[in-house]
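Every chain is named by a letter (A, B and C) in the order it is written, and numbering of its residues begins at 1.
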Amino acid sequence: MLSVEEYTRQAKMCVRCTFCKFIDLNWVKSLRFSRQCPIDSRYAFNLFSPHGLLHSALAELDGSLEFTPKLMEALYQCTLCGACDARCKRNLDIEVLQVIENLRIRCVEQGKGPMPEHKVMADNIRKTHNEYGEPHENRQKWLGNIKPAQKADIVYFVGCNSAYKQPELAQNTAKILGHTGTDFMLLADEWCAGNYVMATGQVDLARELAEHNVKAIEDSGAKTVITSSAEVYKSLKVDFPRLLGKSTEDMPYTPLHITEYLDQLMQDGKLEFKKNVNMKVTYHDPCNLGRLSEPWQEWVPNYVRVIPIGKVWRRGERGIYDAPRNILKGISGIELVEMERNRSNTWCAGSCGGTEMAFPDFAMWSASERIEEAQATGADAIVTASPDVKQLLTKAVKAKKANMAVYDITEIILKAI
Amino acid sequence: MAIKEELAGIVGAENVSDDAEKLKPYSKDYSLSAPGMPSYVVKPKNADEIQKIVILANKNKLPVVPCSSGIHFNGDTIPVQGGIVLDLSGLNKILNIDTRNRMARVEAGVTWEQLQPELAKHDMMAISPLLPHHQKSALISHLERDPAVIPKFEYTDALVTVEVVLPEGEIFKTGSAAVPGFPDKSFADGVNPSGPGNMMWTRMLQGAQGTLGVVTWGQFKIEYRPKVNKTYFIPFNNVKDAVVAVSKIQRRMIGEECLILNNVDLAAILAKQWPGDFNTLREKLPPWTLILVLGGGVRFPEEKIEYEEDALKEVAKELSIKNLPTSLSAAPGVEKDIVDMLRSAWPGDRTYWKLAYKGGCQDLFFHTVMGKAQAFYEAIGKVAVKHGYPAADLGCYVQPVIYGGACHFECNFYYDPANAEEVKMVTKLYAEASKTALDMGAFYSRPYGPITDIVYQRAASFTSELKKVKKLMDPNNIMSPGRLCF
Amino acid sequence: MALSKEVYKALESVVGPEWLSDDPAILEADHVGGSVHGGGDIKRPVCSIQPETAEEVQGIIKICNKYMIPFSATTTNPPPGLDREGVIFIDLKRMRKLEIDEENLYATLEPGVSFAALQGELFKRGLVTFVPMCGGNVSVLANTLNVGEGAISYRYGDRGYRRVLATEWVTAGGEMLRIGSSALQDDYFWGEGPGPDLRGLMASANLESPTTRGICTKMGVRVFPFVDEKLEPTGDAPMTSLVLPSNRFMYYNFVFPTKEAAINAIYEIGKCEIGLFVMTVPPWFFAMARARGSAEVLTGAAGFWDYWDNHEAPLIRENPNQTTCRILLYGIGSDKRLAYEEKVLLDICKEYGTTFAKASRRTTDETHFMSADAIVSNLAGGRFTSVILFESLDHGYKCADIVNVNTKKHVPPVLDDYGTTNWFLPFEMCHICKLECLRFASVEDAGELALLMDDCHKDFVDVGAFPVRPAAERYGPKWENYPEKTRKFKELLDPNNLAPPIT
């Protein structure tokens, strides 16, 4: 995590230009969908904004501000979606997200945070290795009649949501892999990947989860880990190396999202979608698969004047945006229409960062905003590539009584094969 | 010492008068405003003299009414409460023509007749209102925001900096002219209208009708005067269609002069022999004519005209306009003269076009959006007919402004000032038509005449603050008291 | 210093409890200026309040006047006037209404509407607005009143004052003031009058004290005709741009052997009325544009400084007077216009001795239509300062020399730009010009930049230069004693002296 010196340097560079609140300006097409920061859009007070949190970080550091309930509200309603980080790096290259993450870590270290719901989640994970507190021995119950390989080069890392809450999505993934002739295995002892643990500043527990899961992957002998959860993907690709002081490329496995894997098969001519799926859809880029999923580079701060030497910038452009779209476009009958805020401009649906469990109303508001944007495209359905996002968007559609279906991309793929 | 003697001590005895015959010309003008006799007329030669006069006026609580042009049509220089008329016609120097920054700095008494030919020597022109009277002050046109015949946004807000004698007697220069050593010893060229400080003084003085100070000189933008031009006279049966065409033309950002005149006004402008020419022209001219001048650029002028012509033809095609005449069958040869006419003052050796028909003309004008021109024309026409004004005599001029984003809409009521009945009729007509237009959403950005009181009553929040500003700047209320809402 | 319960309740009755707060974390985030945290003696406001309507703003101001509590208001800019204790901070971000009258070329909007949002809506309608160089994210209303300049001010008006139509204000004394057509009707299409133009009373576009006499709550703003073709966005952040239709736009870079030739040519370009914008391009900008992105790091280059020190600086030392200009030619309205403009440009280039004139055939724009590339300047040093002047091009040229001479005295730690970061942007077809002299230093050396500015101003005041934000105590006595006058108008509209002071 950031040293105090680096943390201070980054936060001090903020000049409050407020670029962090808007999508990339060249992509703005309307007043309605021009903004990108959920807390800023909802609350408008400057505290509820990336620059507000950066300056709060400095104030907390110099002792002029404590972790008051209001600060905690702003800090933990921020979904850590990374929009501000990508936008700021157009002009100022400040590590906005890392500063906010570190502020959460400091909050936890001082015993003020995280939110009670996050502590419950952490306790659950300590006891049962999943965020819900469900029996650990039920983690593979979703398999039913599906029989993964005993040994394979590919591990399918399922994730808590698919394992326990939406088993059909795990089954979809398994069937899809089977359809493509891909042998895969499960980890002998898969634990929660800890996306929300890391996000909520509970770094020690996050590191334990990383160590355990990485060892489990190493022990399995697999070189590739596939997942259909955007959250797990980000954990595998970014959080695990970061927690272990390594770069993504140094890890003993290659993480792939199911869409990446299938897209590659399509490019190699090894996958065709034979069935028609007549639907007009719009694709929601999950933050964890897009902006937040660029490879992590372990870097020791080294500056010449203000230029960091040897640093590989993570500005959001190397996220997984094309693969899901290639898949959807590759299915005949699918008409793909884009929302105004797409790719690295995506609007956070509200499930990131642990926000939903502590602030469900706010998360629902964010999801509702996204549904409105999807409706504006005229699409029949919104498709995403994250079980958590799918779950929340489904709730929002129901609450709004919106005439829109919500799909995980594995559901669409399954229809097409 | 008597006031007159004090004034003579400032400007010289030959430049002061309290003789009734000499005061009479200042007591009235070509508007329907009630006459008002001043106590003195004074002709200063420079700002220092004006300053001393204003200080004297403050001491004696004497009104001061500045008057720069040699002719007036709006009643804005008629003293309401007596006092001193400050005749600024003696401040008639063109102080500087800056062809590099394209600016002209002129004293208040410089007329359009004087200015345009001087600028033409440098292939430049000031963007003027429609055919200003030869005695009209060019600076006053800018101060009073007369609408320009070229609606290019690039050319508007032409007035940048001024020198003003404020109502308490201080001489003040606005914008970047405020720097020490201006104009000869400063880096600044006086082209920035903002400030000094966080106010725009130049703007505050515009539209003030002499109530906030006496402007002695002003600097304004001048532009290249195209040498190669091509004029179109596009006929329309109604103003509604004309404004649609203007809107499309302006969206393509082509053309220089662009204005719409009805047959009555155009006939008055083009008639040389009266009344024969006028009646013939009025009958033969189309109901409405859009005059559009395509001006060649500094370089490759014919090619500029060529591409603008192509664009115009595309507009014509869109609107199914079959004819794009470059002449007027009712006035053969006018195409040779019209451009020079529009870039000059009305010649001093001819009766002014607004006065030639009957000797008098009352203008009713305001700002509105172009789409409402037809509705206003019809409504004002109805009021005119109601009062017995002949429909065939109703003049109308629509001047698009800023790429057609709005327009100056003007109706002209021609009348014989020697005929008491006509005067009475037009007075009533004008009052009612003004109010009708106001109720329909006309915006009197420059209120004159009877509508003034109503406008300021309705604009209560504005009026209240404006009065505070006036009180601050002119605590003794000596500058044109009784004018506007003061 | 806390608000009394009585005042708090009064404010709450205006906006409701959700939009009012005196929480320390809220106030901490509100009080920060656009600079280093804690820099300057900026105090925390005593509460933060978020009105949604002009009536709510008026209600708040009236309470301030009743209880003699100072206030400060802003949208995107850091709030002014927080060097005083006990200030109520009025945050106007919730006021976000926008209406566009496409036919009559104006938009009516509230403080919370950003330029990028307005531009996005206008592009859909074949219209365009200028966007300031500080970024399309800023408030249209606030920026237009306070300064309002951007690249296309070359054609579409000097600064914001040219585009302001009717306005609605709440004066600092709590009165509602509507100027222009809004004084008589609920229509913001015309800005002047009735009679004297009180827009001149309320704002000046001089980057000074924008809310010192009142808060603008609604404004009509002029928008402009544009090409029919759509400017489509392309790319992923940070390398995004708008694709410019090549039949309507053409970028040209051209290089003059001397600064004088460049200035003379720019004057001629303005007179010929070609282009959508034209400017000189400091080589500093080229270096910054090239030194970003992962590629430099991956190939081992040390980024900006490596590029500047080893590539640009030697070129500049070899040709110190060489001046690069850029123009965007504009083919609006006719398919032949672009070719005409190009012909005129090349004719001018030939006459004024360009050593290089190339249509870069760049078909994308990163910066000028949405101003997505603002604040990039910070990359070079961490901090920068600007000496800004709006006057004639010749005035700018003379003032640039003064800035260059003074810069040398402060190098190091101010970074040596070899006199090349003087940026000329002519406006109004060269009737007026903005000169911005950017100077850079690291965060730790920001103080030296202030000293440099001070030295420049000492010289400016004597030669009759006209910079923005002049220090009143230095310039006032020489400039018609204007502070005395502006103070009186301030007192008129702010009798209790509660709005931010004139700076």
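Remarks
Going forward, a contact is a pair of C-beta atoms (placed from the backbone, for glycine too) under 8 Å apart; a residue touches a chain by one contact, two chains touch by 3 or more.
The structure presented is a predicted model; accordingly, all values stated were derived computationally and were not measured.
Averaging Cα atoms per chain gives one point for each, and the point farthest from that of chain C is the centre of A.
The chain occupying the central position, as judged from C-alpha centroids, is C. Averaging Cα coordinates per chain places chain A and chain B 65 Å apart. One finds 36 Å separating the Cα centroids of chain A and chain C. Separating the centre of chain B from that of chain C, both taken as means of CA atoms, is a distance of 33 Å.
Within chain C, no positions touching two or more other chains are listed. The touching residues of chain B, when paired with chain C in their complex, are 100-103, 145, 153-154, 157, 160, 172-173, 176, 178-182, 185-189, 191-209, 211-212, 221, 224, 247, 250-254, 297-300, 303-304, 306-308, 310-311, 314, 367, 369-371, 402-406, 438, 441, 443-447, 455-456, 458-459, 461-462, 464-466, 468-469, 472, 484-485.
Within the complex, the chain C residues that touch chain B are 101, 103-106, 126, 155-157, 159, 161-162, 171, 175-181, 183-185, 187, 189-190, 192-201, 203-206, 208-210, 212, 222, 224-225, 267-268, 270-274, 332-337, 340, 343-344, 347-348, 390-395, 398-399, 428-432, 463-466, 470, 472, 475, 478-480, 482-483, 485-486, 488-489, 492-493, 502.
Chain A contributes residues 11-19, 21-22, 24-31, 34, 44-47, 49, 51-53, 55-56, 58-59, 62, 64-66, 68, 70-71, 74, 86-87, 89-93, 304-313, 315-317, 321, 343-345 to its touches with chain C in the complex. By the touch rule above, chain C contacts chain A in their complex via residues 19, 21, 23-26, 28-30, 32-38, 48, 50, 76, 78, 91, 93-94, 96, 98, 113-114, 116-121, 123-124, 134-138, 233-242, 291-294, 297-298, 302-305, 366, 369-376, 378-382, 442-443.
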